[in-house]
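Okay, so chain A shows up in both of these, paired with chain B first and chain C after.
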Partner chain A sequence: MSELPRLVVQGLSTSFPTEDGLVRSVADVSFSIAPGKTTALVGESGSGKSVTSLTLMRLLPKTANAQVSGKAEFGTRDGRRVDLLQLPDDSIRQLRGNELAMIFQEPMTSLNPVFTVGEQIAESVRLHKKLDRTAALAHAKRMLDLVEIPAAAQRLHEYPHQLSGGMRQRVMIALAMACDPTLLIADEPTTALDVTIQAQILVLMRRLQAETGMSILFITHNLGVVAHHADDVAVMYAGRVVERAAVRPLFATPQHPYTQGLLACLPGKAHAAGLPRPKRLFAIRGQVSSPLAPPPGCAFEPRCDQAVAACTQAMPPLITIADARQARCVLRSAA
Partner chain B sequence: MQLPRIVRQLLHRRIVMVSAVVLLAIVVLALGAPWFASFDPNDTAVLDRLKSPSAAHLMGTDELGRDLYARIVYGARYSLAIAALTALGSVVAGTILGLVAGFFRRLDTPLMRVVDAMMSFPDILLAIALVAILGPSLLNVVLALVLVYTPRVARVVRASTLVVRELLFVEAVRALGVRTSRILWRHILPNLMSPILVQVSFIFAYAILAEAGLSFLGVGVPPEIPTWGTMVAGSQQYASQAIGVVLFPGLAIIVTALSLQLLGDGVRDLLDPKLKKTLT
Partner chain C sequence: MSTPLIEVRHLKKYFGSTTRPVRAVDDVSFAIQPGETLGLVGESGSGKSTIGRTVLRLIERTEGQVLYRGDDLAGLSDERMRKMRSKLQIIFQDPYASLNPKMRISAILDEALATHGLHPGRAARAKRIAELLETVGLRAEHASRFPHEFSGGQRQRIGVARALAVEPEFIVADEPLSALDVSIQSQVINLLADLRERLSLTMLFISHDLDVVEYLCDRVVVLYLGKVMEVASTTELFARPLHPYTQALLAASPKPDPLIATAHVPLKGDIPSPIAPPSGCVFRTRCPHAIEACAQAVPTLDEVAAGHQVACIRQELFMMEAAA
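The block that comes next holds the complex of A and B.
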């Protein structure tokens, strides 16, 4: 089982019917996460990262009438392979919080304001591990210790509003880790935190990953974080994966013009590439095209400096360039 | 803990404190009626009819010589019980309706249109119609008033539910595998407690007034039961001979309703952090 990836997502598409037509938020996304590894999903706002994670967790609101297709094969603790997208509601609910956990971007609002931190962690433990109240609270305290919250025994009985943002994100991680999940989906877990706290949280997550062997799907728009914390990367643009690679080759030799553009936007990166420090930071021109009127060809073509005639013809497929390296660009197929 | 802080803040506000003490006194009087009143509320003494307040009859007597003070103290039992049951009933029903309508969007429109329809009737008219259909009795008055006030609570609870259900923590607990019914009752409902509490205090006050109004109009509690409303209704024609027969029950209604309203205002202000600054 250790050889098999913990999660294999294949051809995942999520569309929402709106009054103005069908919006394809996620289109044909494929990636996989090995046990104990971190796969980062990178992209700007609206590129479909969060919808991907919510689709995998089956947390999209029913009223959105999302149309989901594709496969998401997940290796459970007892060795079965299940398709997260096909599981009945009851079974997915038993996986959630237990084997599949999720942490959210906003630590300020992701805790229930009327319950103490301890009660909230204990609830999940009681639900999935069937512990009684006292045992669950004791477990909650161990979890707070695990995420390095000082004076855990006292914090246990505090309400979320008594904690700082960084502290709350630690609690969220404790909550997610309470039942020892094998896959953690972290949806921009550090975006709302300031940089020093961000670093602490990331170190903590890495430590927990090393200790428990869980896999992490790390969703972010922060390439710096990706460089330090991910093993594999999938870059998303307008709902599609435009490039897939291990983290080192991606940063060393980005293949897709969008990835190249993103990297050029980093002040440190532009400088380190041996070029003179630019006076102005590079910016990718233009804006993401409307999901209601996607360009006929490559979605990035209107903003791409390397666009050729073929780009407007059809959406290029993901082209395998090397082992575990793919890019969705016509320039790579010619090469 | 959050509650003691609120209680402490309430203690600092004089109006709220006074209202609370007055209400407490009324409740104590009502509960201990046999100890506080030396007369039976239904003992008639025709020779002593329509007396002014005196040492024997603190508030005088009514047209049948019944001790007004005893009747008010005993009447408090009925008036408060009706109001309390009304508040309880309409809050329970309104909360369930509002939560379900606010949380399950498919049920929202049908439920809320019914609520709108009920709210489009003038309160007292609807209550009169209901009691007229059901027949005058203590329980039917409560039932009618519950039906009148349920839509108000449902509206408020629905609006608050719509806000709370969009908060991220609801998605977070869903991501922990908590089932929908538990999310609704264990996670969303406690977050609605402050608007619900405020509604309770207001409906309590409204119900006291409404019961008095219904009884006065003759469609409320049967006249032989002493409530403040029936007392005013039964004795109004003797007001010119002894003003006490309408004055004292009227005062009881006003003082109780006012105290409840002020208490409700105080609680609302304290539970709404946005208002807190302007008030302290």
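The block that comes next holds the complex of A and C.
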């Protein structure tokens, strides 16, 4: 089946005017997500991964005066291809919470503390599916059952503060799944959770994906989670995608020096494969440069051990180096 | 074996009401040998930070003993304890919250030196401050800056410098890496490993990140709901985890390699409330191997191999598996 990707993002840029000048948080980002697949956006703080997701969902606050360019082509349920960045406000509102859903890192701050969880889930189905109050509440209970919350009928009438962190994230997922979305954006969904709870949530997300065929954009800094839960990966650094690949080739043979460094500096990765514990961990020196004063060439050049003179000249383009593999580095040559 | 530098015996820390207290730490014992790094591992609510703070008497314990070179710290007067703190230091988790934003770095470090009367004289202290900053990979001129002028990784280096200022023997590192990005984490891990070797420090390393613990620690104590589940050398624990909780914890932590399969059934449910912990073994409500007897009595921490202790009555199960 040669289906079109559910989402194709091309040349996405988001800039914010500040008193100290224009900050380009996201610059020329392109990636796509196939139906039923998971694409991970990986990067450290300030790499622009969350701004990317908020831009796609059109959730950036108006007061931020964000300057957005590029395209984000989304295949709707009724077979249309729409550009998420160009849709009028009322059309995006019909998609959001419906075909497009999002879960956030901190479930306590993303749930409304003064409404019961049932009311919050019911709100979206009343709006999008035009169900009445009783039917919506019954649907909310089914959703809580779906995310394996025990005693759902009782939990329906509880407030977020009465639930544990793992339960709250389940409620967030129930809320996101209420209208059967085709694209779920998960922004660090397990970062605030303990590992045993993280494992539960990841298994749940997998199950729901297998059952519904939704696509997932998984935003995370945790490479362990990426290794086991993504199909494709886009690595971001300082607002740009520096490498794109399917998950196995990315971990087996990372092509960009930043990806290589990121994997090498993980104590688990260094120690895996039965190797003895190395005396010193690999460390990427220095820190991310200020977005107000980016280096003239490659953004990673000041921290890169493999940098050459050409790196300071201009930002290298993202080039295709092999089938379905791209890297933004002058040391790599086009296929 | 020589006298441990730090020995914790039957430590208990209860918070809140006396009738229904929160049992944050419930009868925990372990010892740390000079020069050793002991890892304290567990999820939120397991009591690991409370233990770290109770050991240093930043909070007072409810029961039990904390021995430093054989002497109980609880018996010390406030004044003698303050002197003792030059030997016992802590690095905090959040480098944004643990440095006073109104103080220059020089003042932050100077305060530590002045409190303990080290390097008397302004010039001598300034020299020592410059030295400390260089020890942690910063530059002497950074002394005149304020905390907000530094990145997270640099701030954590300042936290390390402050702990080292008084030349301690023992450091509690309470999740010192969890606020840092991966690429910065490895810089700080290397720094801690270097300093530990150069200054022959003894460390209690508190973390929820098993990969970091495996890399940095000599021995590991696994905690669950305020109790010790398992104690073993790092190599032994990661190669042959015997407690069902340790096994689940290791299985749940995804390895950064897509080729290492993680086919496992995650633990069901949440950590129970420490106000009303389950009877018997506290882990039994989530344990895949729990039987009726697990609810009857609190399992003792038994030595099953040299230096390997486990608190589980179903050990035969795992010993058999290991032998098979």
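In this section, the second predicted complex is superposed on the first by the 326 of 335 C-alpha atoms of A that agree within 3 Å, B and C clash if a C-alpha of one lies under 4 Å from a C-alpha of the other, contacts with A are read in each partner's own complex, and residues count from 1 in each chain.
Keep this in mind: a contact is a pair of C-beta atoms (placed from the backbone, for glycine too) under 8 Å apart; a residue touches a chain by one contact, two chains touch by 3 or more.
What you see is a predicted model, and the numbers here were worked out from it, not measured in a lab.
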Practice prompt. Give one word, clash or fit, describing how chain B and chain C relate on chain A after superposing.
Written response: fit
Discussion item. Once both structures sit on chain A, report the angle chain B, chain A, chain C from C-alpha centres, rounded to the nearest 10 degrees.
Written reply: 80
Worksheet item: Where does A:Ala314 make contact in the superposed view: on chain B (first), on chain C (second), on both, or on neither?
Response: neither
Worksheet item: Thinking of the overlay built on chain A, is A:Ala210 touched by chain B (first), by chain C (second), by both, or by neither?
Response: neither
Discussion item. After the superposition on A, what does A:Arg96 contact: first (chain B), second (chain C), both or neither?
Written reply: first
Worksheet item: Which touches a greater number of chain A residues, chain B or chain C?
Response: C
Worksheet item: After lining up the shared chain so the two structures overlap, which partner does A:Tyr159 touch, if you call chain B first and chain C second: first, second, both or neither?
Response: first
Worksheet entry | Touching partner for A:Glu106 - first (chain B), second (chain C), both, neither | first
Worksheet entry | Partner chain in contact with A:Ile284 - chain B first, chain C second, else both or neither | second
Worksheet entry | Smallest separation of CA atoms, chain C relative to chain B, angstrom | 12
Discussion item. Shared contact residues on chain A, chain B side and chain C side combined as an intersection?
Written reply: none
Practice prompt. Provide the residue numbers of chain C that touch chain A in the complex, in ascending order.
Written response: 43-44, 151-154, 181-187, 189-190, 193, 208, 210-212, 214-216, 248-249, 251-260, 262, 264, 266-268, 270-271, 286
Worksheet item: Any idea which chain A residues touch chain C in the complex?
Response: 44-45, 164-167, 194-200, 202-203, 221-229, 247-248, 251-252, 261-263, 265-273, 277, 280-285, 287
Fill in: Complex contact set, residues of chain B against chain A
2, 105-106, 167-169, 171-179, 186-187, 190-191, 193
Item to complete: Would you pull the chain A residues touching chain B in the complex into a rising list?
Response: 57, 59, 63, 93-98, 101-102, 104, 106, 109-115, 123-124, 127-128, 159, 172, 175
